[in-house]
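Look at the two complexes coming up: chain A is in both, with chain B in one and chain C in the other.
And now, the complex of A and B:
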């Protein structure tokens, strides 16, 4: 009996690490530009597709090649997201209507989904992990769950270091505090925002690749990752990576519990109920800022 | 409201009673409405003449989607509520008809009733989180609901027939009537035209204006006695009712309902249609549905597998090229070609023309503060302030930035609850009242950054003051002035009102609410020296002829000296001096402050 819960826990935390990584990736773009990149879910799927393509091309990858392709995947998605960010920011510079990003990021998501559907049909792709299952608490845990946890911890520390210790990272934080003052202080706002898009691409690109065996790689699976990533953002508090690191696994475990105990079709319902509950009880999230002044 | 009963009306006629269409709809809306209705009628009739049933169905469905998008637009543009789950409201209505008529054989009118109840139910579910959270938080709640909706249709398959769907035995509705079109097409057309008219007229109704104010600035709404929560709730109710009406016509049009038809994609389509078409433009949703639904599904029907791709690319490209949408972009382009509008200066001297001076009891206090205290954490914003403002006096609040002037105004109009002391306005204790309740006591206020909303027309920004009128008495302000102002502003776009004039319009808005105490936060900032002289005269007229009590925060000490009867000087949240201008001016405690203020 307890073993079943151990499985739920480990897999939940593993899958939840993917949500945590999605949340961190949301955060950095949100901090720099206030934009929530809806296309990020499909960027994650694209990262997984790279893993699929690499296996198809090279056969079973050796760990060294795997590591190199992971970096390549991060870089490729980083570049793609930077280009997407450039296009998203384009109309914002000359229009007073500042909400076009809602449509453009969703539209990019739809376009990627449509291309995936054209390229490989409605079925999900399967990627096999090159690493053997790892014995833990007397059961065998597929390695990608643990790798995803490791990746989440890695990106957490890397981003914390970047945001608090480097000048560029501090400049991006300054955009969140006060974009007008940041611009007045001479920061190259657009360039910093593009950099933030790029970094978010690195995060999802590497995540998609590492977690490829445990996420659904299909043309229509992206929305669920966007949604769960967002739930992690809300629970953790917008712009808080510490919050994301804790909230992601929480969402993952609850989703796993719902799937195992009630049935997969209710997983979405539980994510929604969690979101509603946290918004009603503590809208600023666990680690979020308190409400701003009104007048 | 004892004081107001003494204010007998100087005029009995309503200001400018002649109705002009221009006052209701601007030219662009009238043209768009005409094009939209004509297009709908032609698109419905032509396929019937040629008897092409495929096209009849397509046009009906497109109009149904336009109706749903119109109400999506009401929610998004008028009420400022982001919903990515509008398809679930639509789907609930359609499924209710399916279950009632398709599975239980009930007549269509009963199905319609069920459908509207189902739509309202989902709408209320969405409205509840909207009372607490806004913007994309709300967007995600509704988005997840839209995702879950078809999953629930699968999960409860014993009530919904799950994946196999329900076929709808309502073929009689598609048979032609003697007038040449079918019952269904007639219903769809009527609903479509009604929706278009609603989209053009609703922003010009009292409710529409109130919703826009509540969406643009909840605090301004409260100071006008509007409850933002109530506005949001109403918006969800109206939007789901309208969407429900569209949803119940879906099953007879398509002949079949299944969970796959009501995926998230449908919600996204309605949302896209509003924005890609052009937010707030009567023809916008029509353009949006044409581009995003008709073009990929019908005109490119042979490329069926590229449908989603075309759809995404169209939305993306339109937003890159025209961030304010197709119709919005065209309207902007036309406006840019016209010569820029300049606003004539407001002639305030008219505002109290021909008004009999109002007699108010002079010897009472309009505002009484005793030992009022407000702290934010360890910061003392208001430190034991005791202050009286007599009825019919102009009272200046001066002090350095951060000395507590605006905080004091916030207490006076109920935005901030005090931690200690008592505050009475018009003889009523206001501790424990919210801003709306204080507004109803006769307190009007303007803000440091003027709350003139570009979401509203130029005149509508003033009209919301009349909407918030506290008594049935005709306004004391000269009707000729109101009429002229309305004529002038009806021709203007809100964007072309200069900053300084915006403050004055906000003051006029507040005067029109019948408030007898005005709280003005830096009303003269941004005015030219000549405008300041005119403004000072206005304040005196408001006091002498309308008998208003005015508290104003101002940095221009010359202006204060010119119009204020009494002055209160604040420093670090405390009153340094209070009294008539001359004595405060010569107070040894105040002098150094003035010097620093004037040279800062």
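And now, the complex of A and C:
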């Protein structure tokens, strides 16, 4: 019996790690510019499609090639998201209070979805993992679940180090605290914001590539990842990567446990109940900070 | 009366006759023009969204049928023109598009939608507008009372469920069966009927579970079902990804030897599912197929209507044929051919006449999927007799036909 719970835990954490990575990529953009980039779901799918294209082009990838293509995927999506960030930030030049990013990020998401539909049709692309399944607790776990967990931990520490130990990271953190003061202090705000967009692209690009065999790669599948990533952001606390690292797997495990014990029809319901509960009890999220604001 | 007067009378007579003839011609002209007007076919399918794969294949079947009809001179001398509409795999969008087709485009009949949720949503609109409709939806909530002008070339959930259940109880001799379905209207409406048929066959249902379309992992559902220790499973999936993920998850759990019985969709989606699941995992998987798609060893099937249909479909779609599922295209094609026969037989597109004709005469139409039939009580054209269980949906003969499970 305990093996069943152990397997649910491992797979729930694995799937939840994808949500956690989505949440982290949301956070860095949110911290720098206050924007929630709704196009990141499709960027994740694009990362997965690079994995599909690589397999189609090279055949079965060796681990070394796989690793190199993963880095290439992260860089490609990083550049794409930076360009998207530039376009999103362009109309915000004169006022930080404009909400046009809502439209532009959604528009980019819709455009990418439409292009994917035209390019590949309605069928989902399916990618086989190059790594063998791992025997665990008397069953087998596909390697991408474990790789997603590893990637979430890697990006968590990388982002924590970057944000707290480098001048550029500290400057991005400063934007979250007070963008006007940061600008007055001479920080190159736009450049930092674009960098943050690029880093979020690196995160989702690598995630899409690594998790390609366990996520749905279709023109209409991005919404689910945006939604689950958003739930992880809210539950963990906006701008908190520690919160994202905890909340993503929590969402994944709770959904699977609800399915196992109660039924598959309650899978989505429990995630939403968690969201509502957090908003009622601790609106700033588990690891979120409250901030005083002059009104 | 003098000669002059006679000629005046004659001239007046000629003028009168000319006026009468001219009037007659003028009066006939609009009706002649009207009869030569094209027949408008509303193609209400999913071009986008999660069900666009059905739209792609259904649309290909419809276009082939329309192309063949038009090349042969049309219906009653009238060409068929397609008015395309995208229901976006969404019931709300389907209703909006159905309304547009009915009120703005004023179509004569509609093909689609191709999923029960959307068909149920558009029925009130199309029934009020009295527009004959061929859908490919199998939910048992769709019936002639709420959709008098709707006919479906998809086998309904109960008829598919009958074969799925009896394959396990009668052929596999299963005594304990679990049920796993997606959360679509068709699958969920089938569950009570499947349970009833399993019980009739002497089996008990150990547990029932469901999953959302295209969900990444079904391990939790499967672990929950496995706890009941069933000796077979009913598995209702509608997408290749879902079928492939379930089979992979079962293999990861060491549960891949379990006999599985699936619906019509299993047969159609298996090739896609094999992109992520090993072929060996399909050997214990059964599905329900239209008889026209099947064979038994020794039968001469090289010239079967379905094989010939596939050849024509390939010729019409040389570039994208490799991405098509001819199975789905075939019953879409059949739907158009039944409507064409009804229009020809009734002399027009009157909805009441078409409905009555199809109810009584659909079985007289040559179809490629299998013999279709309807009645005043059921508008599901592919009844229980048209369907048959097949084993291992990946194992096809050189013509791409599936081997029936009841072959001797």
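Everything that follows uses one rule, which is that the second predicted complex is superposed on the first by the 275 of 295 C-alpha atoms of A that agree within 3 Å, B and C clash if a C-alpha of one lies under 4 Å from a C-alpha of the other, contacts with A are read in each partner's own complex, and residues count from 1 in each chain.
As a working rule, a residue touches a chain if its C-beta (ideal position, glycine included) is under 8 Å from a C-beta of that chain, and two chains touch if they have at least 3 such contacts.
Treat the numbers as computed from the prediction; the structure is a model and nothing was measured.
**Student:** Of the two partner chains, chain B (first) and chain C (second), which one does A:221 touch, if any: first, second, both, or neither?
**Tutor:** second
**Student:** Answer with first, second, both or neither: which of chain B and chain C does A:23 touch in the superposed model?
**Tutor:** Neither partner.
**Student:** May I ask you to decide whether A:163 touches chain B, chain C, both, or neither, giving the answer as first, second, both or neither?
**Tutor:** neither
**Student:** Where does A:128 make contact in the superposed view: on chain B (first), on chain C (second), on both, or on neither?
**Tutor:** Second partner only, chain C.
**Student:** Tell me which partner A:103 touches in the superposition: chain B (first), chain C (second), both or neither.
**Tutor:** first
**Student:** Please indicate which partner A:117 is in contact with in the superposed arrangement: first for chain B, second for chain C, both, or neither.
**Tutor:** After superposing on A, A:117 lies in contact with both chain B and chain C.
**Student:** Name the contact category of A:172: first (chain B only), second (chain C only), both, or neither.
**Tutor:** Neither chain B nor chain C is touched by A:172.
**Student:** Considering only touches as defined above, state whether A:139 meets chain B (first), chain C (second), both or neither.
**Tutor:** Once the two structures are laid over each other on A, A:139 reaches chain C alone.
**Student:** I'd like to know which partner A:265 touches here: chain B for first, chain C for second, both or neither.
**Tutor:** Both partners, chain B and chain C.
**Student:** Name the residues of chain A shared by its contacts with chain B and its contacts with chain C.
**Tutor:** 114, 117, 263, 265, 268
**Student:** Would you pull the chain B residues touching chain A in the complex into a rising list?
**Tutor:** Listed in rising order, the residues are 129, 132-133, 136-137, 140-141, 143-145, 147-148, 151-152, 154-155, 218-219, 264, 268, 271-272, 275-276, 279, 305-309, 311-313, 315-316, 319-320, 323-324, 328, 406, 410, 415, 447-448.
**Student:** Considering the complex alone, what residue numbers of chain A touch chain C?
**Tutor:** 4, 7-8, 11, 15, 114, 117, 121-124, 126-128, 133, 138-142, 213-216, 218-221, 256-257, 259-261, 263-265, 267-268
**Student:** Can you tell me which positions in chain C touch chain A when the two form their complex?
**Tutor:** Counting only chain C, the residues touching chain A are 46, 48-53, 55-56, 89, 183, 209-212, 214-217, 219-221, 223-224, 227, 239-241, 244, 248, 251-254, 272, 275-276, 323.
**Student:** Give the list of chain A residues in touch with chain B in this complex.
**Tutor:** 36, 87, 90-92, 95, 97, 99-100, 102-104, 106-111, 113-115, 117-118, 223-224, 227, 230-231, 234, 263, 265-266, 268-269, 271-272, 275-276, 279-280, 283, 294-295
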